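One chain, chain A, appears in both complexes that follow, with chain B as partner in the first and chain C in the second.
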Partner chain A sequence: MRNRQARTAYLLIAPALLLFAVFTAYPFLWSAQISFTNWDGMNSVKKFVGFQNYINLFSDPEFHQSIKVTAIYTAVVTVISTILGFAIALLLQRRGKSSAIYRTIFFSPVVTATIAAAVVWQLLFDPFVGVIDIGLRAVHLPAPNWLSDPNWALAAVSIVGIWKRLGFAIIVFSAGLSSLPTACFEAAELDGINAWQRLRYLTVPLMKPITTLVLITGVIDAVQVFDHIFLMTSGGPMGSTNVLSLYLYNQGFRLFHLGYASAIGWALFILVLITTMVQWQFRRRDDS
Partner chain B sequence: MLHRALLFREEQVHLSEGMPVMKRTHRRLASILSLAVLAAVPLGTGSAAAATKPKPVTIEFWNYWDGDNGKALSGLVAEFHKKNPGITVKPVTFPWGDLLTKLQAAIASGSTPALAATDIAWMANLHQSGKLVDLGKAFGGVKKATGDIYPSLLAYSLYKGKLQSLPVSTNNLSLFYNKDLFRKAGLNPNKPPKTWPELRSAAIAISKLGNGIQGMEIYTQPGEGLTWQFQPYLWQSGAGFLNKTNTAPTFNSAAGKTALQFLVDLINVDKAATAGQWGAFDKGQAGMRIDGSWMVGGYRDNAPFEFGTTMLPIPVGGVYATNMGGEQIMAFKGTAAKQAAALKFINWFTSTAIQARWDVKTNFMPIRASVAESNVLLKHVAEEPALKSFIDQQKYAQARPAITQYPAVSDAFSKALEPAFYGRISVAEALANADAAVRKALSGN
Partner chain C sequence: MSNFKKISLRVTDHLLLITASLVVGLPFLWMITTSLKPPKLAFKSPYLIPTHFHWENFVNAWQEAPFGRYYINSIIVALFVTFGQVFTSALAAYAFDRFEFPFKRTLWFTLLASLMIPLPLLVIPTFQIVQNLHWGNNLIALIIPRAWTAFGILLLRQFIHSIPRDFDDAARMDGANTLRVIWNVILPLARPAVATLALFAFLFAWNDFLWPLIVLNSPENFTVPLGIANFSGKYGTRWTLLMAATVSATIPAVLAFLAMQRSLIRGLVTGGINE
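After this line comes the complex of A and B, so read on.
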């Protein structure tokens, strides 16, 4: 009986397992193998080079630069989208029924094709015809040449990243807020708690598991950012938006350093793994 | 022409065999048959082919020709189908940036198309995949296979003495200029700049129009775009790019510094250009830009301004030079029937008559002298004056190094130059950095 159940279970997960094996596990292991070669993606020979690709990572200034850019992008996008998302979710909670409309509006960027959105943002950031700079000039603020200026390009692509991420944070926080135990709040009400204390001592601590979830998925999402930056700046100007996945792509598919690109991919994987583990560790400590 | 007619029959005979022969026996059979066919040539038109019905075969032709070029290709392919019932060529178009990646994946997984046409800059890498058909062998020797194709184009076709691809188009860079902005800036729209000083003063005059209008749009984003646009400046001022054996850079010289300084000054001293994004000229926001002949059709139909082209301006005492671009066609190894069909298409597509019409439809430059001198093309150029500068210039077009490290070299070079355009480092520093980075890229690290 047990055996039969197990067999049915395996049968049921077989399709998903097969897809996982073909599209995730196999490429994953294959890239590990390639990362020890200097393969260009086409040559019939894959020359084994040992750990050379990984050693080269340590002395590659572009790799270091792209780690820095990725770290800044991830921190900025995750932190701002989480705080803003939390704040907006709180405000929406008070609006009652009409909040559904706002949630839909805020969520629409999440389901918008990133490439289409990036094209529109590119126009918005245009220094001459873009609405953003026209607006800034109208109120006599400096209007930067966003995507062409090495000092501003990362800010520009981060804004798009936040815009894209915000909706997800709002939805998750809204769901979390509506499922908080009302008893605590009622008890606190009787004790004469004010709005600030309520937020500081009740809502925020109670929301901690949700916040951790939003932060972790946010970091994983941001570390792997590719499409809108690829389209808006291709990593430029002067490498100021050259995030890791873009650097990986350029090494692998523009310069034919597939072995090196695979090594970058593994470095990226290890980075995500470490940050996630650290975040979980924090959470566990809080829980106990 | 004789060898071509001959090949035609040879392949048709192959097809009619319709059996899965091994490659080597297949070749031996081919040589025997070609002897037989050679004897049959004077007898008249393809009796051998007419007698037997070839088994229908469908082959894919990967390329990145979209828009008008894609339409031109489909039109020609339809003609090919009419002449060759039994063969279906399916053009598959990818974006330029994706094609090589797709081919990479196809080569790695053993699912290559029968035919592909790609940027010449990628040929060095494709050649060493071991999957390309030896066209010299298939078409009765390199000489026979290439005929009057310009030898400079063949730099990208030969790999270790083997002919593994053939040019199907070439092009070069000219100076495009916005006649409306020339008029507004008080310049003569029929007298575009011929020298660097003239280019500079025209750019300054146009940038004085204000509203963010640039005099000259310069490509400053790292990558092959920057490198390929900048190389003509190097060559014009007497500097090189790599040495003859492609083993060391030669751009870090006094002439090289002059070339880079000219552009850097246009941006940082004259304020007649901006470093950063590309595309201002298309919107009528820049007076001049360097670009290729493939833009002529698009600008004629869509540009919101009147444009002209002229040969690239040269420094005082400099020499004419431009960069050579283009595509090459190749056949991938596969079943005998598919390979034969692919070879037949290549043979037909690279022929003078088809190439002349292809060039008329696409505004690409001719690959053979016989195409350049054909009436079809001469008539087209007379009707499209913007093409004249490209044709006049083709003889000054220089080939980029056809080596596997070229993409890495170009990338390293462009990245080292980029900060100079932003005025962050001096021209001397940028070229010294580029020199070191290119040496490293050449060594394969």
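After this line comes the complex of A and C, so read on.
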């Protein structure tokens, strides 16, 4: 009986397991191996170079720049979209039924192909005909040349990142808010707390697990960002938006430095790993 | 006084929400109005309202690039990926929840840990694998590697766990085998979770850019995102044409979402988070 159960179970997980093995586990391990070689993809000769690629990463100013840009982008996009998402979800909850149309608008960027949105944002950020600079000039503010000024390009692509991410945060927070225990709030109401105290001492603490979820998925998402930056700036000007995925793509698929690109990929993986472990630590501390 | 306070609160709430909606909706408004303007007047004020409607921008865009083809390719890929992910996840999730088998915990932990692997890391070796399978420049390379998902197995397992085993047993009494139980009993009961997974799978396949960029190289195989990137590279600042192309590539997807959003968001809200 037990044997038969195990056989059925293995048959059921076989399709997922097979795809996992061939297209995730095997490439994952293989990429580690590639990162220790100087493979160029064309040549079947792969020379083992030990840790050379990783040593080179440490002294590569472009890589340092890339780490910095990725960290800033990730922090800015995740934090701002989470805070805005939480605030808007609170407003939507307070407005109840009439909030459906807003929800639709906020979620639309999530269903739009990032690349298509990037083309439109390119127009909006255009220094001559873009509505953003036309607006800024109208109120006599400085109108930067967003996408070709190294000081502003990262801000521009971050705005697009926030725009894209916001709808997801709102939906998840809305779901969380609607499932909070009403009894707590009724009891607090009887004690006569004001709106600010209710938010500070009830809603925010109760929403902590959901906030952690939004933050952690946000970081994993943002750290790998590629699409709209590829189209809007290709990492420029002067490397000011050259995030890790873009650097990996250029090293791997433009210059065919597959070994080096794989080492960059592992750096990316280690970043994700550290973030996840930090969040686990927080969780464990909260539980105890 | 209290009534006045209530009304003013409602007004400020709506003002804030309308402002936020305008900012978020701005790209869509701009895309649509620019796509309808004559090229020369595109940036003369009034900016937002087209004074003449120039539908020929769309005709021109469609003559320059086969957006219909891109659409068909994207829909094929997204549908197969969605079906594949739901199918493989449902079977695996059921097995993980209902059966005991050797290495269950190890396998489960391995699958979950794989959620942390960034896709760009996998792209280099996976491209080599796909080349060796002779799937290069073929839509199948966008489908098969993406037909499973750890997230989906996790999501469905949690939901299936909340379905009492009595349902399985009753169906088995009637002579149903395991596949029948999953298909006829479990999946219909797990509909919110399945809808959530389907939405995520579809959006993931629909938006995907890096992987198709690497795998596909002939325009007749392009998906919508690749087609748009290609078009934008070619027509740089011919904005009216470009916006007509973007509208063609975006609006149908947004409309499809609008049509389904009620059930989808409900699935997301009840299935994805609360379980």
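Here is the rule we go by: the second predicted complex is superposed on the first by the 288 of 288 C-alpha atoms of A that agree within 3 Å, B and C clash if a C-alpha of one lies under 4 Å from a C-alpha of the other, contacts with A are read in each partner's own complex, and residues count from 1 in each chain.
One rule holds in what follows: contacts are C-beta pairs under 8 Å (C-beta built on N, C-alpha and C of every residue); 3 or more make two chains touch, one makes a residue touch a chain.
Just so it is clear, the model here is predicted, and its values are computed rather than measured.
> Contact-wise, after the overlay, does A:105 reach chain B, chain C, both or neither (first, second, both, neither)?
A:105: touches chain C, not chain B.
> Taking the superposition as given, does A:215 touch the first partner, chain B, the second, chain C, both, or neither?
neither
> Look at A:147 in the shared chain and tell me whether it touches chain B only, chain C only, both, or neither; answer first, second, both or neither.
A:147: touches chain B, not chain C.
> In the superposed arrangement, which partner chain does A:40 touch: chain B (first), chain C (second), both, or neither?
In the superposed model, A:40 contacts chain B only, not chain C.
> Quick one: chain B or chain C, who's touching more of chain A?
C
> According to the stated criteria, A:229 is in contact with first (chain B), second (chain C), both, or neither; which is it?
In the superposition, A:229 touches no partner, neither chain B nor chain C.
> Looking at A:253 after the superposition, I want to know if it touches chain B, chain C, both of them or none. Which is it: first, second, both, neither?
In the superposition, A:253 contacts both chain B and chain C.
> Could you tell me if A:169 is touching chain B, chain C, both of them or neither one (first, second, both, neither)?
neither
> Given the touch rule stated above, what does A:263 touch, chain B (first), chain C (second), both, or neither?
In the superposition, A:263 contacts neither chain B nor chain C.
> Return first, second, both or neither, reflecting whether A:239 touches chain B, chain C, both chains, or no partner chain.
The answer is first: A:239 touches chain B but not chain C.
> Starting from the residues of chain A touching chain B, keep only those that also touch chain C in the other complex, and list them.
41, 128-129, 253, 258
> What does chain A use to touch chain B in their complex?
Within the complex, chain A touches chain B at residues 38, 40-44, 56, 62, 127-129, 145, 147-150, 234-239, 250, 253-258.
> Using the touch definition up top, name the residues of chain C that touch chain A in the complex.
Interface residues on the chain C side: 10, 13-14, 16-17, 20-21, 24-28, 30-31, 34, 42-43, 47, 87-89, 91-92, 94-96, 99-102, 104, 107, 110-111, 114, 116-126, 128-129, 144-148, 150, 153, 178, 203, 206-207, 209-210, 214, 224-226, 228-229, 232, 237, 239, 242-243, 245-246, 249-250, 253-254, 257-258, 261, 265, 268-270, 272-274.
> Would you pull the chain B residues touching chain A in the complex into a rising list?
Result: residues 100-101, 103-104, 107-108, 125-126, 128-131, 211-212, 220-223, 274-277, 283, 285, 404, 407-408, 411, 415, 418-419, 422, 424, 444-445 of chain B touch chain A.
> So in the complex, the part of chain A that touches chain C is made up of which residues?
Against chain C, chain A makes touches at 2, 5-6, 8-10, 12-13, 15-17, 19-20, 22-28, 30-31, 34, 41, 84, 88, 91-92, 94-95, 98-99, 102-117, 119-124, 126, 128-129, 131, 134, 163, 166-167, 171-172, 174-176, 178-179, 210, 220, 223-224, 226-227, 230-231, 244-245, 248-249, 252-253, 258, 261-262, 265-266, 268-269, 272-273, 276.
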